[in-house]
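Two complexes, one shared chain (subunit A), two partners (subunit B, subunit C).
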Partner chain A sequence: MKTLIRLAVCIAVMIQSQAYSQSGSMVEVKGGEFIPLYGTKTEVPVGDFLMDVYPVTNAEFQQFVESNPRWRKSQVKKLFADDNYLRNWKDDLSLGEGMLPNSPVTNVSWYAAKNYCECQGKRLPTVDEWEYVAMANEKQPDARTEKTYNQFILSWYETPDTYKKTIGNTFKNYWGVYDLHGLVWEWTSDFNSVMIGGESRKDSTGDNNLFCGAAAVGATDLMNYAAFMRYAFRGSMKAQYSVKNLGFRCVQDVEKSEL
Partner chain B sequence: MTMKNLIYILLAAFLFTACNNAEKKETEVENDLAETKVSAENKELPELSIYNLPSTWTTQNGENIQLEDLRGNVLVMVMIYTSCKAACPRLVADMRNIEKQVPEGDLDNVKFIMVSIDPETDTPKRLKEFSIENDMEDDHWLFLRGTPEDTREFATVLAVSYKKISPIDFSHSNIISVFDEEGVLVHQQEGLGVDNTETIQAITTEVSN
Partner chain C sequence: MKNSKKTKKGLIVGFFFAALFAGLFSSCEKAVAAKEDPESMKVYGESEAEMTAPPFVPRPVGKRAATKLIVNMEVIEKEMEMSDGVTYVYWTFDGTVPGSFIRTRVGDEIEFHFKNHPDSKLPHNIDLHAVTGPGGGAESSFVAPGHESVFTFKTMNPGLYVYHCATAPVGMHIANGMYGLILVEPEGGLPPVDKEYYVMQGDFYTEGENGERGLQAFSMEKAVNEDADYVVFNGKVGGLTGDNALTAKVGETVRLYVGNGGPNLVSSFHVIGEIFDKVYVEGGAMINENVQTTLIPAGGAAIVEFKVEVPGNLVLVDHSIFRAFNKGALGILKVEGEENPKVFGGKIEEKVYNPGTSVSGVTEEATEGGLSAEMSMAEKMERGKQVYTQNCLACHQATGAGIPNAFPPLASSDYLNKDVHRAIEVVKFGLTGEIQVNGNVYNSAMPKQNISDEDVAAVLTYVYNNWGNNKSEVTQEMVKKVK
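Presenting the complex of A and B:
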């Protein structure tokens, strides 16, 4: 019987990791090194990991609050979410009028997003991981110097209410990930690692490079602008903020999924 | 029981492990709350209290504590790392200046807490050495080290940003925060060597409450 149980455990573990990696919900991203726009001038290493193909949807988050009452909007503690948390929901368990189950969930705080991922055995991506995957277009892992790639992102920034669209609406990138640009902004685990130069009165080693560098702008203008918007947004966030165009997706370490 | 059923049961158990952990954590917190509710004059923990965070921390003396163990004290908190050469010595000096101006009789009800943003380097031993070097050995000085994840989460509560910028250096916000006896943030001062009159005022007000 013992052997049987052990066998069953093994199979269960295998099925579980299959469920994670084959349900179409996650794809593997091969790590590497890249120089992010902001915060460092040297290459940062990114390890291999799995990333959700789509942002977490309203329907998925609905299930989450059903089984985790403390994240329902009437019960969430103010330390963990501001008054805008799930603002457009009709009540604790139902979406508001006109909200689609298949749209990305928004108006969620960092704490809620983090706990959601933990409950799936996953975690939020780091800023570096997110940026690493998001620099891909359909064909290339790093499309940051492509004019069309940047134009797409910038025209999205100018389009209102894209959070109302449904997931899968934008392009499938090099890694097989959808909607990193085009629907919603996304939480990252270390969003509060962004030190924006304008806040230098608070920062010990304020990073003013971005603004100094602005004097010497060249061909990479657009790319820097698009990425700067994201970093500036992160730098302005607090973890309890719940914003209408900010959602999230989860990632998972490769070793963990393979056990 | 058939093999198939067994697998299903195990599978279900596995799939819910993570969530159950989170819930268990919550139940533990609720139990703790229930206990402290009794001790703290039946007062419920305010929603904005940092004692809602369930994380465990290690002190410079190697003791493991929950933040909630500090309930009842006025807390003055700052995030630093001990190998820091730039801003931290000044932040530490700011903390000391504040401590010096708090009336001696009030010090029993105040904890001055340094939370490390570099838990890898700042072992309890290292924190202890730092406290000795800086002559911060009185009971009201507390140095805390947590997991990288809990540290990141704690920083979000203080609205502190930090980032590792080299193997030995971090950039970070210089914010000193004051919490009332229930763990609710009541005052923050930002910057180095700033006028700390209001901070001291906040501490004495809270102690007298």
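Presenting the complex of A and C:
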């Protein structure tokens, strides 16, 4: 029963927010195979899917919490979001001072992000899906060997306060997706499945990990520092954590959308 | 001093009794052993560690017992100055490079509160080389932005240790400034000294070359190639010079806790004008004496001590010397106080040294032969200018104006215009002693110029036909005659 109500609410929200925002804009990503950072020699298959063109914005998330009181910061269960959840917001429904409606929403937990996507009939991307799309630059689907590609990403990691920028600020990549690099980190559904522990130098001990980013042993591209940092970041996360530089976007399976 | 005597006495008495009653009190031996094993050292009370930004260090532990020590540390990513007009986004422990100095004693139980500021882009952790345990605490301390992790450890080995961030990619975290020192003092503390300072070297890799202005990004490529743009003490060029210079007074004993964060370069640490009376080699228990330069590996440290006997500026350098002169690895320890001529007399005399031979020998030979063909006036002027630039300009200046009170002017010079032969003599053989030029007295020395007669003729012709002089032409013949 409860689930049904929730679903109804979600659908209502979905209709509302679709009308309101850009969240409707998705682009299709043609699947393929690639070797992610943690892979050894085996390619990982990625299916076709649709991805949000932009990260979810403050305004969009505002709509979401209006319709879903349980995700308001005063009501959210501690199990699902820590004290940093929507920390910069003035109150349950209004953005904090200086926050722009069109900036990516941050300080959201994995649970909140996941539910947001579900309410839209979407889901969070997997690490592999996210990395697959994010290895593109403007021209190529896989630009990981380009010096400029790496340099761009490294330099945003080093630039403070990029979460305050508005969406669409960075380049449109090969797939037509914006802002994968340059504004905020993004949640993925299985963010913690590739472990980078705190200890970055330990040899891979056979678990599936990069426990050790410099698990130089377990990684394919030692020069892709940007990717190391993403995996390290994900490794430091727990699902209830909310972080100032961490937002999200949703994806959708192609079949579903064609229904 | 008194105290240590007492302790000695106490010890002797203790041993005496121990020896006497060894059979009866077998537990006595155990008690002594227990005292030496840090693991079983009892801790008394609880306190918060004093943390200091470089170049300062917290108060010595002295004779305090082992305790539970709360250490609070925060990771802050922020833009700071690397050099004049050059900035860099540093990743720091407590907002400084190197991070705060942590001072403990052996047997302390450390409760480490490790926080990552919410504004941070990245997760971080800390690997303390003073920790006995996995990753030096790296795994246990791994913390996301806006979060805190708490871990504990016991200080088992006295010494000076590096701590650093070990999050992937570890090299980049260190290259951005994430290192510092933790001192574990032995029981009873290190011997007291007058001044203690905290100095740490690090190498930096920027997209722009050394000195290129503006905010500089980290260059992964240069870091991998170990091609540093900056090698500095305490996080930036000038981190220990000018207003940041260290100070001491004559007669004081100075102890430097010197670390090297790397990430790549090994330091040839040297203090120009001092000899280290003591070096705690690699920060450990072994003491070497009378050391000029001590090697500090990346991720290593040393304690150096020296008494400063005379006033002046002592210069801290990485004696891999281009780093000091071109990349910033320079610091100053300013020593104030009375001169001490017994130790250092200073310069007592300066005079001309003229062995009368030429090292190259070439020009001497050239003058032995006959005259070469006399140059035309135009040729002399051109050649003369070259000779002037190479041999005379440094002192007499490009305009012939000289330098007041040091080098007499050649422009509108009464001394020159009065006597050409004397001028030739000066160039050929040098001149020492007092002369008067245009009403001013000069008393210095001009060395003999090792140039051919032809060149003497040319340069003097050039000088006489410039800057308001009397336009004399000097020939090889005239030069040859002057002996």
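The rule we apply is simple: the second predicted complex is superposed on the first by the 205 of 259 C-alpha atoms of A that agree within 3 Å, B and C clash if a C-alpha of one lies under 4 Å from a C-alpha of the other, contacts with A are read in each partner's own complex, and residues count from 1 in each chain.
By our rule, contacts are C-beta pairs under 8 Å (C-beta built on N, C-alpha and C of every residue); 3 or more make two chains touch, one makes a residue touch a chain.
What you see is a predicted model, and the numbers here were worked out from it, not measured in a lab.
Asker: Look at A:157 in the shared chain and tell me whether it touches subunit B only, subunit C only, both, or neither; answer first, second, both or neither.
Answerer: A:157 sits against subunit C, while subunit B stays out of touch.
Asker: Classify the contacts of A:235 with the two partner chains as first (subunit B alone), second (subunit C alone), both, or neither.
Answerer: Both partners, subunit B and subunit C.
Asker: Going by the contact rule set out at the top, does A:97 touch subunit B (first), subunit C (second), both, or neither?
Answerer: Neither partner.
Asker: Is A:225 in contact with subunit B, with subunit C, with both, or with neither (first, second, both, neither)?
Answerer: second
Asker: Quick check on the superposed pair: does A:87 touch subunit B, subunit C, both, or neither? Answer first, second, both or neither.
Answerer: second
Asker: Go through the superposed model and pick first if A:68 touches only subunit B, second if only subunit C, both, or neither.
Answerer: In the superposed model, A:68 contacts subunit B only, not subunit C.
Asker: Taking the superposition as given, does A:118 touch the first partner, subunit B, the second, subunit C, both, or neither?
Answerer: first
Asker: Can you list the residues of subunit A that touch subunit B in one structure and subunit C in the other?
Answerer: Looking at subunit A, the two contact sets intersect at 199, 201-202, 235, 238.
Asker: For a test of understanding, state which residues of subunit A touch subunit C in their complex under the given definition.
Answerer: For this pair, the touching residues of subunit A are 82, 84, 87, 147, 150-151, 154-155, 157-161, 185, 196-202, 210, 212-215, 223, 225, 228-229, 231-233, 235-238, 241-246.
Asker: In the complex, go through subunit C and note every residue touching subunit A.
Answerer: Where subunit C meets subunit A, its residues are 77-79, 89, 118-123, 125, 127, 134-135, 138-147, 166-172, 176, 207, 217-218, 220-221, 224.
Asker: Over in the complex, which subunit A residues touch subunit B? Could you list them?
Answerer: Per the touch definition, subunit A meets subunit B at residues 4-5, 8-9, 11-13, 15-16, 19, 39-40, 67-68, 70, 77-80, 110-111, 114-115, 118-121, 189-190, 192-195, 199, 201-207, 235, 238-239.
Asker: How about subunit B: which of its residues touch subunit A in the complex?
Answerer: Interface residues on the subunit B side: 3, 6-7, 10-11, 13-15, 17-19, 22-23, 26, 47-50, 52-53, 84, 86-88, 152-153, 155-157, 159-163, 165, 169, 171-175, 190-192.
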